[in-house]
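So, here come the structures, one by one.
What follows is a pair of complexes built around chain A, which joins chain B in one and chain C in the other.
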Partner chain A sequence: MKQIDARGYICPTPVLMVQKEVKDSAPSELEVLVDDRCAVENVTRFGTNQGYAVTTESYNGDEFKLTLKK
Partner chain B sequence: MEERKKRGIQVMEDMRMDQNGVKDNVKLTKLSKCAGCGAKVGAGVLAKLLSDIKVHRDPNLLVGFDKSDDASVYKISDELALVQTVDFFPPIADDPYIYGAIAAANALSDVYAMGGEPRLAQNIMAVPEKMPSEAVHEILKGGYDKVYEAGALITGGHSIFDDEPKYGLAVTGFVHPKGLLTNSGARPSDVLIFTKPLGMGIISTAMKADLVSDETRERAYEIMMTLNKKARDIMVKYRVHACTDVTGFGMLGHLLEMAQGSNVCIRIRTDSVDYIEEALEFARLGILPAGMYRNRSFAQEWVDEGSVSLEIQDILYDPQTSGGLLMAVDPDDARLLYEELKGQVPSARIIGEIGAYKGGKRIFLY
Partner chain C sequence: MKRFMSQNGIILLTGVVIGIAALTLTFLGNPANMGFCIACFLRDISGALKLHSTATVQYFRPEIVGIIAGAAVTAFAAKEFKGKGGSSPVVRFILGAFVMIGALMFLGCPLRMVIRIGGGDFNAILGLIGFVAGILEGIIFLKKGFTLNRAYRQSKGEALGLPAVFVILFVFTLVFPAAFQVSAEGPGSMHPLWIVSLVAGLVVGGLCQRSRMCMVGGIRNSVMFKDFSLIMGFAAIIVTVVIGNLILGSFHPGFAGQPVAHSDGLWNFLGMALVGWMSILLGGCPLRQLILAGEGNTDSAVTVIGMIAGAAFCHNFGLASSADGPTFNGKVAVILGFAVAAAVSAAFTWRKEK
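Moving on, here comes the complex of A and B:
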């Protein structure tokens, strides 16, 4: 599964990285790592509107792994 | 205007040179983590930070911090009360002049929201040591121009060095104690009028990613640079029971404060709320400021969203910078006030009405 590591970036950069990937390769599955709560919300919002099912799990305290699946 | 604008932007482009002297083209907004009032500490967090700190009282203090209002008001005599407020934030525009003007319009607005008139202002400023003096001058010029437009004076201020620029004003104004407007006077059957389009937080977030058209950017700047002076001057001629300006907590956050403070409920006709169209598309794309999510989690338990779309809710939770005045107007005066406003404040809209509170949710969207 393709992974985007957007840790260390603040909004709106993480969601823009995801948008670019979706636009370029339209993946059926995508994993996104973020460490900004706003990025969790924004990537979820974008993914859901693009027809992905989005799940989030947190790890290392403040870091999150989002999985987008079609 | 064009020449000044070019100069301002050029100043910012020249500001950062790397060690080889190559231009880095860092923009003013890139020096700030948050955009405008989006940088505001959330209402819930603020209450926690202040818990256990004793609040002293004085019978002449008509409005203090405990009221969650826009400014504090202190009665000097039966004819005169002093309105005191302060507001500042990191860059919301790349042009230093526009940034200064927006920060000033935003700070002055708190006095207008109390029904008052600003008289004195002092600069509050933090700038990076390396920032060219011309850029600093432009920020201040934007501030001075707005303060003079408001008919007030700038009498000094305080500046420090800081890696992240910040600018704003401490403002002192006056109001007749009988003309004082708080956010807690709304009565059932009052009509709600709001004077500016929403969406500034979302548009500012999209600006940081260079996603906004020139036209929309200019429109957003114009809206945020507009003083609430005209709206205030018209408002005070009518029976307005409550007023606040919509800023960092978003429309719904400020509506909730008004509803709780006045012990009423509020119905909002969302079709009547004006906003920048492009903000809706950015909301769908997940280009939303952190402050929007903070505002949502703070207020949503009191809000019945009805069948209103998520994106429109986003607009209503979006933190505003230098937002419009939100007035609860006596139903017999509402039409006349609205008609007079329309002439000078074209973005004014009737957006809803106040109802009696019977428990449960405070705000109903339809």
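Moving on, here comes the complex of A and C:
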């Protein structure tokens, strides 16, 4: 599964990274790492709007792994 | 409907509360159409700290302290307070200063622009058109890969630096008022009792931290991602302020004679265009920078200090507009700002990959 590491970036960069990946290769599955709660919300909203089911798990305390599936 | 409210309830609530708080603060003493203005308030703080000497705009505005502290409290409660920074802080300082130069050309930050529109000030509509134009300009670079680079983990002590300084300075202004400048006349002299301003700031800061309210983010996300959640907060403020002003009899539609405003359309447009473009590069409007600084983002803390320094430049070098209109120096500074925006946009878009 393709993974995007957007840790350290605040919005809108994480969403832009996901948007680029979705545009370029329309993956059926995508993993996104972020460390900002606002980014979790924005990537989740963007993924949902694009028709993905988005699940979030936290690891390392305040880092998050989002999984987008179609 | 239920899903809509669960997704957007908090941002709509924040917009309505900001609108009501702005109307209340103006009713109780703040200047007209200036219930909240992050740029004006930081400029007043800059004056209170004697960083500039324009006698009419000096007051340590408790709203700013409240917004930062309110955001810090809710961020702590939600376990979202986290030290992070190191994403081009020097450039952010400079951009923050130019945000202020653009805002004081127009006479208001994006939040006050919305509040001015809600008071019937048509000059602010030209400001809004400029604001959107500036945002669209910034989005061109975002789409091409602009970023001020990633941030890194910082200690809690570093993260608490700016919020602590604001709280301590504010306590000093209460305990040793003679040490600070306070306007005897003009906008700086107009304010409610400090506790009212502080509480309004705390409430708004807390809500904005939870809802991620951002004037720039709303338009940006709508254009780039068809994500309309943040812009609803923007709309909620306008609707609330219009209704409130109609009830209070303070809705005065027109261009001429608007409070703490001028009617030079071109420079209202250009001032806010600069604010929009710079804010896109910074990732958020001045209000959002205060909230992020409260959450422990030290890049935003540096931006806030940049805005305070920018306000001092504006008044020490005659860049700020007045009710009579813009100044020649101010026009030169705004044009210089566009050159800086273009240079920073280009430098951080077409940078060498690591």
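As a working rule, the second predicted complex is superposed on the first by the 70 of 70 C-alpha atoms of A that agree within 3 Å, B and C clash if a C-alpha of one lies under 4 Å from a C-alpha of the other, contacts with A are read in each partner's own complex, and residues count from 1 in each chain.
The rule is short, and it goes like this: contacts are C-beta pairs under 8 Å (C-beta built on N, C-alpha and C of every residue); 3 or more make two chains touch, one makes a residue touch a chain.
This one's a predicted model, so the numbers in the text were calculated from it and none came from an experiment.
Superposition note: with chain A as the common reference, chain B and chain C are in steric clash.
Once the two complexes are laid over each other on the shared chain, residue contacts for A:E21 go to neither chain B nor chain C. In the superposition on chain A, A:Y9 contacts chain C only, with no contact to chain B. After overlaying the two complexes on the shared chain, residue contacts for A:T44 are found with chain B alone; chain C is out of touch. Of the two partner chains placed around the shared chain by superposition, chain C is the only one that A:D62 touches, whereas chain B remains out of contact.
Of the two partner chains placed by superposition, A:E31 touches none, neither chain B nor chain C.
On chain A, the patch touched by chain B and the patch touched by chain C overlap at residues 10-13, 15-16, 19, 36-38, 41-42, 45-46, 49. On the side of chain A, the complex with chain C involves touching residues 7-13, 15-16, 19, 35-38, 41-42, 45-46, 49, 62. Per the touch definition, chain B reaches chain A in the complex via residues 33, 205-206, 208-209, 283-290, 293. Here chain A touches chain B in the complex through residues 10-13, 15-16, 19, 36-38, 41-47, 49, going by the rule given at the top. Those residues of chain C whose C-beta lies close enough to touch chain A in the complex are 78-80, 82, 84, 87, 142-143, 147, 150-152, 212, 217, 220-221, 224-227, 229, 283, 292, 297.
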